[in-house]
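Dumping the structure here so I can ask a few things about it.
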Amino acid sequence: MRIGFVGLGIMGSRMAARLLGQGHELAVWNRTAGKAAPLAARGARAAPSPAEAARDAEVLFSMLSTPEAVRESAVARPDTFLPSLRPGRIWADCTTVDPASCRAMAREAAARGVRFVEAPVAGSLLPAERGELVFLAGGEAADVEEVRPLLLAMGKKVVHGGPVGAGSAMKLAVNILLGGAMTSFAEALRLGSALGVPRATLFEALLGVPAAAPFLAGKRRKIEEGEYGAEFPLRWLHKDLHLAATAAYAEGIALPVTNAMKELLALAAGAGLGEQDISAVCAFLQRGKLP
Amino acid sequence: MRIGFVGLGIMGSRMAARLLGQGHELAVWNRTAGKAAPLAARGARAAPSPAEAARDAEVLFSMLSTPEAVRESAVARPDTFLPSLRPGRIWADCTTVDPASCRAMAREAAARGVRFVEAPVAGSLLPAERGELVFLAGGEAADVEEVRPLLLAMGKKVVHGGPVGAGSAMKLAVNILLGGAMTSFAEALRLGSALGVPRATLFEALLGVPAAAPFLAGKRRKIEEGEYGAEFPLRWLHKDLHLAATAAYAEGIALPVTNAMKELLALAAGAGLGEQDISAVCAFLQRGKLP
Amino acid sequence: MRIGFVGLGIMGSRMAARLLGQGHELAVWNRTAGKAAPLAARGARAAPSPAEAARDAEVLFSMLSTPEAVRESAVARPDTFLPSLRPGRIWADCTTVDPASCRAMAREAAARGVRFVEAPVAGSLLPAERGELVFLAGGEAADVEEVRPLLLAMGKKVVHGGPVGAGSAMKLAVNILLGGAMTSFAEALRLGSALGVPRATLFEALLGVPAAAPFLAGKRRKIEEGEYGAEFPLRWLHKDLHLAATAAYAEGIALPVTNAMKELLALAAGAGLGEQDISAVCAFLQRGKLP
Amino acid sequence: MRIGFVGLGIMGSRMAARLLGQGHELAVWNRTAGKAAPLAARGARAAPSPAEAARDAEVLFSMLSTPEAVRESAVARPDTFLPSLRPGRIWADCTTVDPASCRAMAREAAARGVRFVEAPVAGSLLPAERGELVFLAGGEAADVEEVRPLLLAMGKKVVHGGPVGAGSAMKLAVNILLGGAMTSFAEALRLGSALGVPRATLFEALLGVPAAAPFLAGKRRKIEEGEYGAEFPLRWLHKDLHLAATAAYAEGIALPVTNAMKELLALAAGAGLGEQDISAVCAFLQRGKLP
């Protein structure tokens, strides 16, 4: 198939590489043009604008950082991709956005005769590289079915939650779990260390118990070495929890623990750790100690 | 061996049963005497007081609800067990307490020539029944080694974290993880439902992702059926998080998310859910919705 | 002067009444038309639409509930007021909105040649009735000066904080203070009661100390009588704290206590107290108690 | 009267000075002996131990930092004051402690025939200097009456809340208010600054509104100059909120906002601001900002 792919960051670059590996024809675009080079070297066409990436695409994927970034690449400026997608084609947005932004994008697409599928992902760098992502999809059943083979080229599972908005809802829910596991692990380590338990023993006690989320084991080396190169940048999790808090407000419900996590991440980001991996929240908590 | 066992609640009754199953000689005691009957039927001796349970024991296990309950059975009243344990014998406390209470108990034991081992457990009803608990031990290495075979009769792993206090420290750390996973799962479900995703789809999306702690799958049925019979009562997790917050204060460190979880559980307990399972926090959050 | 006034709720009705009392010519509009009757009885003209309220106005005041309500009355539908305000005239918005919404409204106004002043207020029912509001203004200095006499007909003080957005910023800051005072008072009462201090003694101890915000004294009777008729509805404070949290996210800063207040109010609103006075948060906390 | 006074810190030194100024005979003691010198220069006797300060006292005042410090000066070591106070005399403790510690002290006193009054204070450095403290008393009515004239030599008001424990309860309630006002002011300033409002304008907008606690005006200069010499050290407020949280746990009630304040202060203390004034929480929040 002819596929457009907009957004080649940590996740997008690996997802596009997998589509390419399955023999699809790709036109790719990224704000920082250099990121397209490795894909171009493997046969993708580096488009000069989002519009060009979309021009002939049967399906246009976007994998960007924020709802604002999606809007900007899709419709807000000249040379954006939505106006150049042909009617009847599909735009599949994999960005983590809030349900309201998602529905707004769907309306923009519908106004141009484009079919819209949302397909945010659970999983970060490694699952993306290995094609083990889980796609949390929202949209018309027929449209989701149409892109399902492409999604399964990039991941191992597609959960269709309902109409547009349901995918974002599931994704925000997953990232609340992620935030809960990461921040409580950071606090658990902090307390254990403060009480004198050697860190290696703490890892032995904590990892592997039924209360420990499986992904935490993969953070051990970062935490031990104090090197927090980002698999999933802290400020993106901060953003996702903000989107969850905003959606919760709109629905009139309370998420007190999620909001507390969000603020802990805001403090960590404010301390300069926003571009580091989410596990850097351990470093933030470890810093301060009453004399 | 001759073993005393004090405290036959959800956990203690199953742990004592496993020791009995390994051929040890047990003298058991529980505040509500009726709880000793099933064990007595299998050959344990039902002691009329903690003191009698300890009289001839080589090792005395206690598995109670709070630091106050431990103190009350151990030393605070006549007929408590610590004065009747012979010098040189071992008291192994499996209760979840805070490191400070633990060290205080160790001092009381030492003053009577009794060796003290703390061995709180990770795992709840099912792992207790199956002998799959993880013991998080603190104390002298030689003493921990001496009780290790007994612990392994009740569980699958013993992590020795250091001197007395280290076991409680690890246990509080594990329960911070537990609280993080449970409360964030409740908030994730709440948000997903509010946004219109069917609950079965939510479970499909959330359970199994790397951010989901394995024990959560076991809570699915309770949540779906709205029947929250306690595997681990909500008010005990509340207590553990309070102990963690207290230890953190004593060490001069901040645990903002843990404190937020603690208060969410306090509200849920205040709404009458304290004796229900920790997963009843889902029911608490589900209740209220802005009209 | 010829003044349009859109939004005749708790606050707007009293503010419009004061303008009328100073001899100005008023055209008023409210979504629920009945609310215009008392003002019409005193000489105001009840306009059939926002557009009609604005038609001949030299200054158009709006005092609505949310940013969305402002947008809806101003531009989103036919018969809204912004298109019918003449170029060069002033639109003064007194609604509590976030700085981003405020700047968006200013751009809409500018696009039509209308001058925009934001003037949210500190103070609730009683200060509004007595003309003792404080206006927290943002906009061009000349425009703020032009409406200052009108603002001082409704209040006792105008603080000009800078360009458009500064007024909202100050208003959100004031309402963070309000939330801090109200929620901590509720928690202080809750703790004191739980510890057995009679409520009248608690009021004596708390009200009047330098740590007690002056407005709290005015809430005493509501709390004592358990009748929480709204001077300032709880769900509006919830909204304002959400706007503050959103603005904080946009600026990359952390407001951990504000977010905790927001969630307490969300729970109280979820329990059915959203339309009650903010002091009903006392009733919410009082409800639950561990058995 | 012959008065013993133990604890000559920021508050105690000023309180003792006022008693001295009223013509009472004082024997004073402080752990750091140098602090007694200024009072000795004005006629007080510098006692070599707490026991000596209490020997001939009709009333013994203590004004220390924590429940542990009270226990240590009162009974825990040789030369402490409680054993040397004669039966029938009064011990009035002005330290902020939790109700449980307070009741424990009352029992220790009763066991020696000493009458116990708790009289923690609302107010900090300046009110102490001016004799404008408010005493929040608990104890037998007759005992409170007996010390009332002495309390009124140091303060302007005595509120008797009930039996021992009621004074601490009221004091913790007052300090929850204090924490709410201070932390929400810090967050209000943070948000206003981030949104571009000049700080002087923010002070103008915030101070003086009915939502602003009166003591905040007195913090303005510290915040503007960034010099946070302690009137009330941040780590003491942290301690008081911890005592409040502990008492709330014991009573089975939730204080979600108080716990969030406590953790913000823990972070600020961990960042090295514990010995600074509570208003230094403004400096903590001001530090971090997302790039």
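Chains: A, B, C and D, in written order; residue numbering restarts at 1 for each.
The working rule: a residue touches a chain if its C-beta (ideal position, glycine included) is under 8 Å from a C-beta of that chain, and two chains touch if they have at least 3 such contacts.
Owing to the predicted nature of the structure, the values given are computational and were not obtained by experimental measurement.
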Chain located farthest away, centre of subunit B as origin (C-alpha): C
Between C-D and B-C, the pair joined by more C-beta contacts: C-D
Subunit B and subunit C: spacing of chain centres that average the CA atoms, whole Å: 49
Whole-Å separation of chain centres (CA-atom averages), subunit C against subunit D: 37
Overlap residues in subunit D, where contacts from two or more other chains coincide: 248, 252-256, 259-260, 263-264, 266-267, 269-270, 288-291
Complex interface listing, subunit D residues touching subunit B: 238, 242, 245-246, 248-249, 252-256, 259-260, 262-264, 266-267, 269-270
Residues of subunit C touching subunit D in the complex: 99, 122-123, 127, 134, 136, 159-163, 165-166, 168-170, 172-181, 183-185, 187-192, 194-198, 201-202, 204-206, 208-215, 244, 247-248, 251-261, 263-264, 285, 288-291
Interface residues, subunit A side, partner subunit D - complex: 235, 256, 260, 266-267, 269-272, 274, 287-291
